[in-house]
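Naming follows writing order (A, B, C and D), and every chain is counted from residue 1.
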Amino acid sequence: MSGYWHDIVTGSKSLVTGLAITAREFFKPVVTEQYPWEVPTMTPLFRGHIELVGNEETGEPNCVVCGMCQRACSSACISLDGKKNEGGKGKVLTSYMLDFTKCSLCGFCVESCNFNALRFSKEYNLASFDKNDFVMDLMKRLEEQNRCKR
Amino acid sequence: MGLVERTQAALAGLFPEPASPAAPQTEEGCQGAASREAGVLVTDQARHGSHLDVLCRLDQVVEVARVLDREGYFLESISGVDWLDKGQFEVIYDYNRLDGEHCRVMVRTLTDRSDPAVPTIFGVFPAADWHERETFDFYGIHFQGHPNLTRILLPEDADFHPLRKDYMP
Amino acid sequence: MTVPVHLRHDETFVLNLGPQHPATHGVLRVKLTMDGEYIVKAEPVLGYIHRMHEKLAEGGTFAQFMPNTARMDYLHALAFNHGWALVVEKAAGIEVPERAEYIRVITVELNRIASHLLWWAAFLLDLGGFSPLLYAFDDREQIIDLLERVTGSRLTYCYMRFGGVYNDIDQEFITGTRAIIKRLRERLPRLYHDLVTHNIILIKRIKDIGFITAEQCRRYGATGPVARGSGISYDIRKNEPYSVYPEFDFDVPVFGEGDSMARYMVRMHEIEQSMRIIEQALDKLPGGPVMGKAPKVLKPEAGYYYVAVETARGSLGYRLVSNGDKSPYKLKLRSPTFSNLSLFGEVAEGMLLADALAFMGSLDLVIPEIDR
Amino acid sequence: METSIWRALLYLVGLMAFAGVNAAWLGWCERKGAARIQRRIGPCEAGFAGLLQPLADGLKLMSKQLLVPQGVDGIIFRVAPILAMIPAITSMAVIPFAENVGARAMELSVLLLFALASIGMIAILLGGWASGNKYALISAARSVSQSLAYEIPMLLTVITVVMISGSMNLRDIALNQQGGFWHWNIFRVENGHFLTMWISFIIFFICSVAETNRAPFDMAEAESELVAGFMTEYGSMGFGLFMMGEYLNIVVGACLTATLFLGGWDCPFGLTPGIWWFLLKIYVLIFTFIWIRWTYPRVQVYRLLNLSWKILIPFSLANLLVTAALIKVF
């Protein structure tokens, strides 16, 4: 019987405490971000999809087509192609396709690159009705970035 | 007597002839699955993660489980290994303790690849129920005496065992 | 409270709980045989989110499996990262700098707090309390923001590398972590405990419900907070210390009641213990590199390797069989909730549907980790 | 009392409008209130502060197909949501909003309200039963046992009020409490004794939360256990009517509480009685409903029945006896 009264007394007390807490929270400021109106800034390490890094001056990709990123990729989402550099040594990049639908954003490709040719973009609001939109041509992307810079 | 020795002694009763007396207490036996006789080996925990490595015959699996159950062990997991080139499946039982003392026992057994069948230890550890079903699911190893040996993670109508080395999707 | 009930097996019906049900946190299906609101038989049906990670592991190199580890227990992904790094380092004999191990512990423990907070939130949602969910998410969000700063991801981390970690922590992270700990220390008693833990409705709801005995834990191989709520003092961080855990002073909260309340209390106390570990680690944080020497192509010696780590849900085991090749010959993941959930059928028998769902919530299920 | 047909029609339109507006915008209030408690903003896009949200929701629900799944009892399935709505609106007719504002002042209006409340329960039972869904069936069974358990303490507490007022007419009960908060039933002093009416008030309030199927007593639609309970199979306006019925029940519950215990349209300081005081009181009570819902976890179904049979009913019985004794004997 003592448990009965104890339950009623402590129970009512706990219920009132609960109401007091939610009332306190009611008057506190809002903590949510209104996404499309307030856009968060991405941290420097944020991993978006990868993109090519262009040469500072020429804007040409830094890539030497060594294929390390392709080999490091754990989901086989990178396919790149290059041709012999005419009038120079090494190779130049001709196409760099990223299948972002498979990418798990592990970052192995960026880490494996010894030529500072890859980096993470800061794009996070990717949405599309068509999954083909996520098979990205990174060469084209770099060209567009170069055009914007100029 | 430490826990490892005590367990070793308890298990030794199951293996009458000493297992390769010339080279005990080494990790050699740990390398090849089929290269040693049934018996108990002490392995380096810091290197391999388990204190005892028990290789037993198929008919000893349940008995080993009983001994370990008596000693207060619990079944942590069951995993299969497909040794395709040797034509064998290996089933690894990992035992561990929940009390303060610490000793991991790895029990291994080998079964023929063409007709894989291992006695179930469901009667000793109910935990084996799902783990055995999973191993059956992935390798097609039949656990004889299991009351409900059906697919657990793959769909019921799957007709393949994906972790077999010769399975190509 | 156990209501005496005579279960009549001839007047039962089958209720399919899931795979789409609000209380199963994903795609778990439980086939319930019910007598009115009482459960006669409960049979979990798994595999709705099975992805065969073990086969994927065999297909790639050791490093390439790292992102997959985060996609099993997405709530405590860093512990899965950690375990995989540890087992490969053990097999290949890679040395890890001390600073890297400290950073690993700090991030793993932060992630553990986030995981427990989310469990708390989801558990309260199971019990019908919605506001606690968002209070916990508010705190969790800040932890996730911090982790995003160092790891680059918010949920499915791929932070550990063989021989170290991907990125060093900075001063901002350290001050942020201290601020979070201070904030949580304030909010835990005043918000979490006063609003929920001491609430009579919650106490009546989960106390004396879903008893698990220590012997049941042993027979079913239940670990983690489930075992610790049944009076078993088993925590791999203490029992089989790995990484730099031996250098920290922390307690393993153990409650002997074995009911849902005990498991609840274990997790709430674990948040506090994790905060203690993080504080000590931040105080002792040594300098130096965060990445040791590791060969580019790993070819561990042939043999059997096993590493267990303590995740928020229990003991996670990596059973690695190597044949000396550059990809794992066999990898078996011993996921904690797989074993914890196997208890469900036995314990839920004779329970009310509402109680069984509260009990299921107290087991802290993460379905992708069960199905792997 | 005037008996012109116009008066009846006016009240019919007015009450319907009041009910409709409340049913729609209480949903907005609930969402805003919940959001503030959880430190969110809540609906804010449709109109100023999201005030047009209920219209958008209503349009969406109305434009959806009323799906009648195979294997349900078609007629009952369609009738149940309407049945949930009608008693709530009808109840409004006997509620005295102010001294001269009220459709009908019936002699037995308290009884009528309880009779109508039971019909609302039947709507849930029928909806759950006709759905042919196991979750809905469990929900229907739960809601019946819940209603049964909570009507008893509710009636027992109302008897105390009726004893004091000597009438079952809500208008008379309210008139009896005019003249400042010290005359209200909740702080009632009779024969020089301070009555234990505040206990009645608390019990009545708990019961009205339970009767309206609100959290923490929302056994019938416990979304984490029974998916959506009796509403599982309902889409479109079937669902919408159930929702509106629920909000209207809250309004009726708040009106009843305000009239029975809080002096109806009386000003707390005995100055300017009027309809605004009544509205203020009911909206404070409604906010309390919302506040409670977003604070507590759900009660387990048998605890709920225990609470009624083991705590509320004994207390309300004792309270009844004490009140009767204080009024009549001492």
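Keep in mind that, in the parts below, contacts are C-beta pairs under 8 Å (C-beta built on N, C-alpha and C of every residue); 3 or more make two chains touch, one makes a residue touch a chain.
Since the structure is predicted, the reported quantities are computational estimates derived from the model, not experimental observations.
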Comparison of C-D and A-D by number of C-beta pairs in contact, larger one: C-D
Centroid-based (C-alpha) most distant chain relative to subunit D: B
Subunit A and subunit B, separation of their C-alpha mean positions in angstrom: 43
Centroid distance [mean C-alpha coordinates] between subunit D and subunit B, Å: 64
Approximate Å spacing (C-alpha centroids) for the pair subunit A, subunit D: 50
Two or more partner chains touched - positions in subunit D: 37-40, 294-296
Residues within subunit C bordering two or more other chains: 131, 135, 138, 195-196, 199, 201
Touching two or more other chains - residues of subunit A: 15, 18, 21-22, 25, 31
Touch relationships between chains, expressed as pairs: A-C, A-D, B-C, C-D
Subunit B partner contacts - residues on subunit C that touch it in the complex: 46-47, 50, 52, 54-55, 58, 87, 90, 214, 217-221, 223, 227, 232-234, 239-240, 302-308, 315, 317, 319, 321, 329-330, 332, 334, 338-339, 342, 346, 371-372
Subunit D contact footprint on subunit A (complex, rising order): 4, 8, 15, 18-19, 21-23, 25-26, 28-32, 34
Sites on subunit B touched by subunit C in the complex: 27, 30-32, 47-50, 53, 72, 74-77, 79-82, 92, 94, 96, 98-100, 102, 104, 106, 125-127, 129-130, 138, 151-155, 162-163
Interface residues, subunit A side, partner subunit C - complex: 7, 10-12, 14-15, 17-18, 21-22, 25, 31, 43, 45-47, 72-75, 104-108, 111, 120
Of all residues in subunit C, those that touch subunit D in their complex: 1, 3, 13, 15, 21-23, 34, 36-37, 124-132, 134-135, 138, 195-196, 199, 201-202, 204-205, 352-355, 357-358
